[in-house]
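One structure coming up, written as structure tokens, with questions to follow.
Residue numbering begins at 1 within each chain, and the chains themselves are lettered A, B, C and D in the order written.
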Amino acid sequence: MMPSLRIAVVGASGYSGEELVRLIARHPKLELTTLTSRAYDGKKAGQVISGLPSQAAAIAFQNLPPAEVAAGIDVAILALPHGVASEYALPLRKAGKTVIDLSADFRVKDAAVYEEFYHQAHPAPQLLADAVYALPELHREAIKKSDLIAVPGCYPTSILLALAPALKEKLIEPKSIVINSLSGISGAGKKAEIGLLYVELNENMRAYGVPRHRHLSEIEQEIGLLAGEKNPVTFVPHLVPLSRGMETTISATLAKKTSASELQKIYESFYAKEPFVAVKSGEELPEVKHVVRTNKAEIAARIDERTSRALFFSCIDNLGKGAAGQAIQALNVRFGFEETLGLSV
Amino acid sequence: MMPSLRIAVVGASGYSGEELVRLIARHPKLELTTLTSRAYDGKKAGQVISGLPSQAAAIAFQNLPPAEVAAGIDVAILALPHGVASEYALPLRKAGKTVIDLSADFRVKDAAVYEEFYHQAHPAPQLLADAVYALPELHREAIKKSDLIAVPGCYPTSILLALAPALKEKLIEPKSIVINSLSGISGAGKKAEIGLLYVELNENMRAYGVPRHRHLSEIEQEIGLLAGEKNPVTFVPHLVPLSRGMETTISATLAKKTSASELQKIYESFYAKEPFVAVKSGEELPEVKHVVRTNKAEIAARIDERTSRALFFSCIDNLGKGAAGQAIQALNVRFGFEETLGLSV
Amino acid sequence: MMPSLRIAVVGASGYSGEELVRLIARHPKLELTTLTSRAYDGKKAGQVISGLPSQAAAIAFQNLPPAEVAAGIDVAILALPHGVASEYALPLRKAGKTVIDLSADFRVKDAAVYEEFYHQAHPAPQLLADAVYALPELHREAIKKSDLIAVPGCYPTSILLALAPALKEKLIEPKSIVINSLSGISGAGKKAEIGLLYVELNENMRAYGVPRHRHLSEIEQEIGLLAGEKNPVTFVPHLVPLSRGMETTISATLAKKTSASELQKIYESFYAKEPFVAVKSGEELPEVKHVVRTNKAEIAARIDERTSRALFFSCIDNLGKGAAGQAIQALNVRFGFEETLGLSV
Amino acid sequence: MMPSLRIAVVGASGYSGEELVRLIARHPKLELTTLTSRAYDGKKAGQVISGLPSQAAAIAFQNLPPAEVAAGIDVAILALPHGVASEYALPLRKAGKTVIDLSADFRVKDAAVYEEFYHQAHPAPQLLADAVYALPELHREAIKKSDLIAVPGCYPTSILLALAPALKEKLIEPKSIVINSLSGISGAGKKAEIGLLYVELNENMRAYGVPRHRHLSEIEQEIGLLAGEKNPVTFVPHLVPLSRGMETTISATLAKKTSASELQKIYESFYAKEPFVAVKSGEELPEVKHVVRTNKAEIAARIDERTSRALFFSCIDNLGKGAAGQAIQALNVRFGFEETLGLSV
């Protein structure tokens, strides 16, 4: 029997980091060895993160410099801001450790696109060639062989899962894609800002980040790979008052006449063996409450005959399949564990 | 000085009806004379509707048949389901009363379209010719002369205000319009259904009603009038967890090259004299918290140069500008009161 | 190795029933054999209950009469209204099955008290002598030997855990106890009532059920056993806008001078070996977010020197330790499983 | 006809300050002349505060030192932290202006008690003798004659209104009073702190601030005045997930046998002429939704015969009757306006 993998979570003080620690603590093949956070240096995990079993709760946060994380671990999971993630990835990769990165640093293959969307030169372009865009439903085989695993953003995950079968089958015009996504507040991060206060966000909602949200860089890269041609798409994110959850609605012009039942069959067949993707049928559309606190994605595809468009829907938990859950799924794939190990469906 | 108008609110037991009663009770030129509700027959308004001044709170609900509402009033405001509204509108119009109807019965000019979307023959087609679609920003002059005032739906209000200037100026391709709207829960009505319970909707969200939501009938009618041609459009409504508020995001392909500043100027100029429409400039997009409990609409228009599309945004209170507030605004227009009388901006 | 126990969940359509199904589906020693519900007869569990693994999701609800539940099961868990629960408990006990009942029918030993608080004669008084009040922290040994296990109410659980050490040590005057509890909305059940709609409860709160909430019957019974004398106490429940969670605050006059550190030591010692009770120290008080979706109770005891009173606090998840989780904990105790098996701490 | 009063709002950047600006902007006898805020210096009111009419929205925030506020105004309303409020009150009173202060600086008559609860020497003890504790229902006549009007805290307002009739009539034992209050999140202020983020507070609740919340200083002062003797009381505040609203539940031992109908009569009679206090009768208890966005307080008094205690309940809007609304009510009293002018009931 394979022994447990020793895991470091680097930057465990945000909402994705907290969720990672919860998932690792319950994963039968992972041992949480190292926890780093500048903000919580010296505190016990259990003082900051709720819902931990006692062993994990007793682990103390350390404020470790990049060069010292590698000691005594097999895998480092980085829950850091973009840019900072590379500062840790470089020495960790040099030390031969597998790196699973939740930031944007290694999602986009083209350093020029990174610079265009993140307004800074890529901090570690020499690592890009080895990185894999770790959406297992699209890149499972590549994940198995990579030691630099870039976990997709939450919006891209919800969008690409909804679009992949239609793009692969060339059912829709890539240029016609219009995406609207609704995100729960945890997607905006754990920052002491007036704009994130309860009273500012409760009973409120708004669109933001148009027309050029950073996630477009990876969305357009992956749509391009699926469609065989690269095009810009329209993407409008919205902030809505719930803690966790994401809903995405996409419209696109049909490239060829397709019936509702053909479309349904294509989607069901594409995801038939995927443990975390549920294709809704009949009248039902995805709902956040079906996926929250799981690694599941609910998706649906519908035909709007009046406009000759297709409509695609998906719901995920932005901290689950949209971040920490997907990181664990990718880790399971990479190390040959059962893909659902330690995850809820 | 003009004496007060005597008002009946018919079907005052839903959320729009409650809001109507609150607005009428504070309006200096309106006298709430008659309140009808089958469910609340015999109860005092104050037992059912919170936030009423004492005089209005003391009025008792009656269960009046259609033929008896006209007695002693000048204007009847109907907050009834479609179909039922016509049963009251017919005798009230026969009695010469001005009818302001919040249902869908008199919004669509074409009885065949009504039948297509509402799955029943139109209950009073003989009245359709006299009805006005009471979005004051588009049909102010017609409202002044009509005694059958059809208050637009909440979704159509938020959509048409966002699109009107661009359509009038032929800046966008009407066929390319894709609309996503987010509605607070009060938009789903006050019905004792499991699906509307707190626990079912809190921390949840979903799209619904695709691809053929009933409001498309009036949305497409009015877009057709603005654009000079009739086309189907894509419309996806969503239910999100807040009590009141609506956000709409629309994309459309530009029909001609338009700069951001030209677009901004066109919008500001179109709404320059409108007391209830605020056009956002700069980086800011509309937010629900700016409009909730008011009759205001915030709108914004942006260019997405990467895709040659325009993006339009609006926020309203679905019970305010989306229902009861707009009814009062239309009443103010019809009877020559100051348009903002009794309403918040 | 002991084979799995075959479980029936009777009345699985409410929030406690749903949570039970989720917990049983993940419990390594339990096999969900039978699911009954009148409302959902014929539906699959996965159509109604979210977050189930596929095997459990495929089980169909049946509408079984009381006499037919016993076939093919070892244990029946009843998630039924009081009164109805007895109709099932009687034939199930006659058939020799272990019954775990979440209703109030078997919590109160004295049939006269039941009648006083539930306004009906006790429906199965002959079973009362064999029933155990299944708060494991107080009655663990008795649970091991009982086949009629009455799971405490959510309010009583949160109250008794907070008071037990102080009452046992005679630190407080039983007559002086004043209890205020705050409950999330799922505590009010899944009923199609206007009063439980999202719009009615969101941004609202209120006290209710005074001065004689039904749970007082079991609260006073158990306080009496702990204190060695029976007295009425003051209990005020409140409904607050969150889906899951309960907070209880209790004050009582000190019976003898007690320092904060003595009180703290008594509480820590009383619960030292309890896997599900965490005693907060220092400045921290219990928080709902630490216990939601777990079987954990956080409690705290403080001295108010200015008034010579003690203050007690607790937080639980009303559907977890307050209902379904506690049922599974009691089942684990009864059948000799590890007490935390299948439960979160 | 009296001309308008010219008003300065000092420190208008918090939630109480915003609400004050909204109320003043709609008050027919008040003219908002000066707005100060360090944080928003140079911004227009309408950029920061939603729901303002256009004239008020155009007023710019200034960063004025204490000595310069007095110019061109009649009344200054201070929405500042305690301690800082005195720095402004001193020069304003010297300049002969009426000061309405929402901080704690002038609520407590005894500077030693202030120091005990606020951990600093009183910053302006020479002004204390002239200050009035501005709960109009208790001190209306004194308010009429004062130019230093200390607006009570939100918790004290909800508590004192619920207790006053019972204390005046000596129906209850003052020493036995136990108070539990539930506050919406806006009561915690508008501060960029992790603990006030949406994700930290949504779906969460907790008690805090025991056993010695600062508001006890004014609560015990006023209970002492009503009862004719000074005693410490038990007070436990709780934070619950809604934006605005406060619920208070109080228990106290009956000092003499009192029937429910006697108690009801005493409460109704005490508040018979109060425009903002509604005494609930029958089964109904106060609800936050009845008072939010108004200056109203709902209260109820009940007998718990089983324990010989009385129970008192109240609901207010913590930003309305608990802060800004009460400031305007006190201003109306002071300047002889109709007491409800510009306020909702």
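Note that contacts are C-beta pairs under 8 Å (C-beta built on N, C-alpha and C of every residue); 3 or more make two chains touch, one makes a residue touch a chain.
If you're wondering where the values come from, they're calculated on a predicted model, not measured in any experiment.
K.L.:
I'd like to know which pair from A-B, A-C or B-D copies the C-D interface, where a copy means over half of the contact pairs are the same by residue number.
P.N.:
A-B
K.L.:
With respect to inter-chain C-beta contacts, which pair, A-B or B-C, contains the greater number?
P.N.:
Comparing A-B with B-C, the pair joined by more C-beta contacts is A-B.
K.L.:
Of all the other chains, whose mean CA position lies farthest from chain B?
P.N.:
C
K.L.:
Averaging over Cα atoms per chain, report the distance between chain B and chain D in Å.
P.N.:
Going by mean C-alpha positions, chain B sits 37 Å from chain D.
K.L.:
With chain centres taken as the means of their Cα atoms, state the distance from chain B to chain C in Å.
P.N.:
47
K.L.:
Measuring centre to centre with CA averages, how many angstrom lie between chain A and chain B?
P.N.:
Chain centres of chain A and chain B, defined by C-alpha means, are spaced 39 Å apart.
K.L.:
Among all residues of chain A, which ones touch two or more of the remaining chains?
P.N.:
In chain A, the residues touching two or more other chains are 200, 202-203, 241-243, 287, 289.
K.L.:
Which of the residues in chain D end up touching chain B in this complex?
P.N.:
My answer: residues 50-51, 53-54, 203, 287, 289-290, 293-294, 344-345.
K.L.:
Considering only the defined contacts, which chain A positions touch chain D in the complex?
P.N.:
15, 185-186, 190, 192-194, 196-203, 241-243
K.L.:
Show which residues of chain C lie in contact with chain D when the two form their complex.
P.N.:
Residue list for chain C touching chain D: 175, 178, 180, 182, 200, 202-208, 210-212, 232-234, 236, 238, 240-245, 247, 249, 251, 285-289, 292, 302-307, 309, 311, 313, 315.
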